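Please find one structure pasted underneath; my questions will follow.
Per-chain residue numbering starts at 1, and chain names A, B, C, D and E are given in the order in which the chains are listed.
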């Protein structure tokens, strides 16, 4: 999973069945200083009620839920990052 | 999923069974200014009726539909992208 | 899937069961001008009878066929690429 | 799998069901001299009891355990790396 | 799959169940001149009895064997690479 920031959303009426009813969030990857990385932007399905500017965990690989396809997803809202290298 | 643009298509008569009857779209990834990224071009199966120059969502990882292999696919046609970093 | 060119093959007698009887093709990714990209070379299982110098579609992610593991595969031979950006 | 170092952890109360009860470790990839690589940081679920500053093996692709989705995981604690190129 | 060279191994006593009894090989990706690529080193499970300095095929994506998770694996020992671009 990567640390990312919600920076917007996407509107799409014509979509495949698996995405129906999904909230499509625009998320940008964060570097080690928690700044947005240029051109590292994806669209992920929200599964935790994330809002604009939230720091989130995103599973960039596809996820498989009980044999059904699930798209790239926001899987957690991050409150704190403890870093001690 | 990534934001991409349909920039063409591919003709292939000799193909594996899973691709038979599929529309093979040439898609190019978009950067944060919605410009095409050089050499970030893929071929994806259309599953939503996308046309040339449409902005689309593409699942770059393979998708699994009920135990059957599904190739890289265009999964939505994008109408609007709201970006507020 | 990516556009690639068959540039050779690999001989391997000691291999895992899933690869037995497979033709192992050396394939190189093509850039937007259809030139080979340096150091973007992979080995893919042939599933369509591709030959040396053919332009092919390759599924770089692993594919899953009815619950069995399938390696990275050449999934189509490309006859024409129509590009209109 | 990649060689990585545990450099912190992440706190997230709002998360998807699959992550409940999981320890979310911040891990950074190591280069060939075992130094941290800048901006190659991920969040992985601990499955072996790894602690801060441990060298670990991380499966960066998603793992599938008996049909259930499992996030990116720390799968081993490394004691020694023998390198002879 | 990628062409890689076995350049060492990793010792890890504390590991997840799926890795028990596995030989953990340190492998480095090869470029088009068959030289090691800097910082493209992974750890892969041996499934073919590969030894130090062998040229091997490695499936870098995860493999799925009959519903069970299998880590990144060495899937063949390469004897010859024929390259004709």
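FYI, a residue touches a chain if its C-beta (ideal position, glycine included) is under 8 Å from a C-beta of that chain, and two chains touch if they have at least 3 such contacts.
Note that this is a predicted model, so its numbers are computed, not measured.
J.: On C-alpha atoms alone, could you tell me the rotation angle mapping chain A onto chain E? Nearest 5 degrees is fine.
T.: Nearest-5 rotation angle for the superposition: 145 degrees.
J.: Using mean C-alpha positions as chain centres, tell me how far chain B is from chain C in Å, no decimals.
T.: Centre-to-centre distance between chain B and chain C: 19 Å.
J.: Could you put a whole-Å number on the gap between the CA centroids of chain A and chain C?
T.: The separation of the two C-alpha centroids amounts to 31 Å.
J.: Can you list every residue of chain E that touches 2 or more other chains, as numbers and ranges?
T.: 61-62, 64, 67
J.: Chain sequence round the ring, chain A first and chain D second?
T.: Following the ring from chain A in the direction of chain D gives A, D, E, C, B.
J.: Spell out the part of chain E that touches chain C in their complex, as residue ranges.
T.: 1-3, 31-32, 37, 47-49, 57, 59, 61-67, 70, 73, 75-85
J.: What part of chain B is in contact with chain C in the complex they form?
T.: Those in contact with chain C are residues 5, 7-16, 18-19, 24, 26, 28, 36, 38-39, 41-44, 52, 61-62, 64, 67-69, 71-72.
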